[in-house]
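What follows is a pair of complexes built around subunit A, which joins subunit B in one and subunit C in the other.
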Partner chain A sequence: MSVSRNEILEKLKEILVSADENGREKLSAVTESANLYTDLGLGSVNMLYMIIATEEVFGIRFDDVGMNDFQTVGDVVSYIEGRLS
Partner chain B sequence: MKVDTLEIFRRYTGEKTFSRIKHYNSMAQMWEERAAEFADLTAIVDDGKEYTYRQLARDVAAYRTVLAESGVKKGDAVALLLPNSYEFVKAYLAAVTLGCTAAILPAFLDAAAVFGCCMMFRPSALVSSAATAAQAALAREKLPELKTLDAAQTAEAETPAAQVEGKDGCTIILTGGTTGRPKGALLSNTAVLQGCVNSCLGVPHAFEQRYLLCLPLSHVFGLIRNLLASLYSGSALMICRNNKDMFRDAAMFKPTIMVLVPALAEMAMTLSKKFGRNMFGDSLKTIICGAATVPPYLVEEYDKLGVALYPGYGLTESANLVSGNPEPLKKPGSVGLMFPEQEYKIVDGELWLKGKNMMDGYIAADNTEAYEDGWFKTGDLVRFDDEGFLYITGRIKEVIVLPSGENVSPAELEAQFNTLNLIQDSQVFEDVDESGKHFLALEVVPRATETAKLGAVDVSAVITEELEKINATLPPFARVNKITVRTSDFERTPAMKIVRYKKCQ
Partner chain C sequence: MKWEPAECQPGDVVRIKLGGVYHFGIFVSEDEVIQFGLPPTAENRAKEGGPVVCATDIDVFSCGQIVETAVPDRAERKRRRSADETIAAARARLGEGGYNLIHNNCEHFVNECAFGESRCTQEEEVRRRWVSRPVCDVYLALTPEELPSADIFPEKRRAELAKLSNAQRRREETACWLLLEAAAKRSFNAGMQSAGFRKKLGGAWVCEKFRFALKAGGGICAAAVSNGKVSLEIGEKASGKGVTRTLKSPRVTLTVSGEKTQNVNFFFVENGVSKMMDNEWFA
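This part shows the complex of A and B:
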């Protein structure tokens, strides 16, 4: 079953919200161009949370990639898309 | 009031565990005895391989040969530039049991910083690995007398451990505190071993446990309370090479005890709630939590999962542990009782320490400000309750001196605001407006699990209103003038501590 890029983005937003419920409004409106650090203000623990939760939700592994390899939400979506294909 | 804590810790530790706590003269002696005692037990699990104490002892003895054949001798400093790995454990034990002082360089340091550390600590050898070889290159090039070794090297012959005294140097740990420039804290064999002894106090099941290592071994909490406590107690330690795999590793390894900073413990709790299961698995019974303020609610949340979370307090300069809380459910806001052999006193609210766990001073740094009359000045403002439980109320270096001359401890104010369940973390700092007027400001990070219960209301407005009520109860000079409700976490150090604002410097 293929998952569209938009569906991945929506699930990723849910994960980001669950890590930071206070940012629900801001995170729900997030686009792929949003920078994880400067726009979303994610710290190292939030990034760790996002990766672990994403692995659980999508059933994938973030192998051979470091947290610093992701700059934007779109980078993460692309990585997930690549792992699912 | 000083409380004799030996009997209290003895009671909480339990006679069976307490009787196994031994005092050794040196790391060499401790390692030789414990390796023999636990020879057939698993010591380390790393990168898919399992090593018994016997296997590790052989590899350590062989690496002593590598060091000795390169010209390293007793009394030298040996710099280790290695990520968390079996090679780290092997090289560290080889160095200290050869009578050397292991200078531990964080594996994330760049080449210039590694060179700087080598200039500061003057090691005779630098041990790196394939993962860190590039960072060692500058030091290798600029310091021709420096022996550069690879942790993967080995030798056929085994070299026996050296005769080492308790007062001999054992470990140098890089520390900067929150404000100072980086320097090395020199810990003797006696100090490091006291850290091992203290790690068993107040923990009923301290021996033959299963530890999952998620903290950097370049940090005193990871090195002493995690790795060395594990080896001292005949436990198995699985090295989590990437923290994103910590729950996958936990599912496989089934740890019984973990040493965590609060931010990681809190993240694991949030994930456990999201996915409806204890992410660390049901084997986990104990979490030792420290290196930053432990939110009291975490103690209760983990208790619901059947996990005892023990807050503690320690410093790099004190070989980690100074106090531990054997009664976290009763006093979750306390970092516990002072360990029995810790000498201490409070001077103008600041905790001063002496004792055999204390460092022998900073290397290549001015020590005059750190000590007074032989006491190490921690910089931490503390109080004890009637039963001798310790509470950290602030940091002297973080004390804000207001234009009025009044001193304000941000930590004390933050503790007041943190009593609000809606708050996860807060920071009080001195800010300055356009006219140059200095004022106190507060920023808070809301606690998502609590704000979610509020429903569709203006969360920021609700929190601000509640904070203003607390603010109104404070002495006028200590009231904050500006409240900001953040939508993201504070910036944090690699040890997960909040990077404090310095807006007025």
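This part shows the complex of A and C:
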């Protein structure tokens, strides 16, 4: 499966919007440098949602992942990119 | 399984709520609650090293929150290990690592100790929520100036389009159908050949995997795909129903209505790449 970094980011935006519809405006314009907690205000439930939805969308499995492992949107994109390569 | 803030007995499965998630443990005594990782507070998260199965007193476990005790239903009681077996299973795993937020967490741990079955209802619930979420995605593209040369599937539809004598309509409908192909792939991970397209007796095209609507006008082509009924209008909004957006350029008003329009996503497709549209795109 060949997916570009930009395509991963676009899919991730869609997942984030689905997790928090109230944040649509902010989330649909998000960049890789956005901090998941301080910029996007992701709570633990939405973090779980993001990871599980990502598994479903990309057909990957998040191994060895803790709540603390991702700080920015770019960290998640890099992880997905690594799993897909 | 029900949960009650009852007095804990040795071997009970207990939990606390932190933020939106639960942290689980096996209660042995007020001095010994066995859990996979410490409660996920900001302070505990900042600690070095991965989570391991550990024992703490009830105060460390509870973090000042109400401790709830599992009350198994009749079927669960039959599968439930005895208190001694549960405690022995938990103690045997002290110091064990291999924590995984989704696939091997504190809830998997307590269920394995108490029922011999590693499962996490929180994960199952979130996965259910994702799979059953309402989907209504609208894909937009500029109507091409030339007739697209790509092949259309199904063949019967391709033949229909080839017969259209109005060149503009032929160009628009071909472009819409190609847009549908991109939408099916992105939103439903479905290829055109596996999506199950067929033509109804009334002449409308439908597909088994999702509902769709196509429309062209004002220089744009649009394809809406959804897991519920969906329709599209281009031009001024005809009724009070649906979600209406006006594009900045070209200046076109689009209305999408249907059963699952709670969260409508708009995508702009250019050179085969879909980009989620934020408010900057709309007037």
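Some points to look at:
Just so it is clear, the second predicted complex is superposed on the first by the 84 of 85 C-alpha atoms of A that agree within 3 Å, B and C clash if a C-alpha of one lies under 4 Å from a C-alpha of the other, contacts with A are read in each partner's own complex, and residues count from 1 in each chain.
Just so we're on the same page, a residue touches a chain if its C-beta (ideal position, glycine included) is under 8 Å from a C-beta of that chain, and two chains touch if they have at least 3 such contacts.
A quick note: this is a predicted structure, and the numbers were derived from the prediction, not measured.
Within the superposed three-chain model, A:Leu40 lies in touch with subunit B and out of touch with subunit C [touch as defined at top]. Shared-chain residue A:Phe62: touches subunit B and subunit C both. When the two complexes are overlaid on their common chain A, residue A:Glu7 makes contact with subunit C while staying clear of subunit B. In the overlay built on the shared chain, the residue A:Gly23 is in contact with subunit B alone; subunit C does not reach it.
Between subunit B and subunit C, it is C that contacts the larger number of residues in subunit A.
Shared contact residues on subunit A (touching subunit B in one structure, subunit C in the other): 18, 21, 43-46, 48-49, 51-53, 55-56, 62. The residues of subunit C lying in touch with subunit A in their complex are 18-21, 40, 45-46, 50-51, 99-103, 122-123, 126-127, 129-131, 133, 262-263, 265, 273-280. Residues 243-244, 246-247, 263-264, 267, 270-271, 274-275, 445-446, 448-449, 451-452, 459, 485-492, 494, 496 of subunit B are the ones that touch subunit A when the two sit in their complex. The touching residues of subunit A, when paired with subunit C in their complex, are 6-7, 10, 13-14, 17-18, 21, 24-25, 28-29, 43-46, 48-49, 51-53, 55-56, 61-68.
Interface residues of subunit A, counted against subunit B in their complex, comprise 18-23, 26, 40-46, 48-49, 51-53, 55-56, 62.
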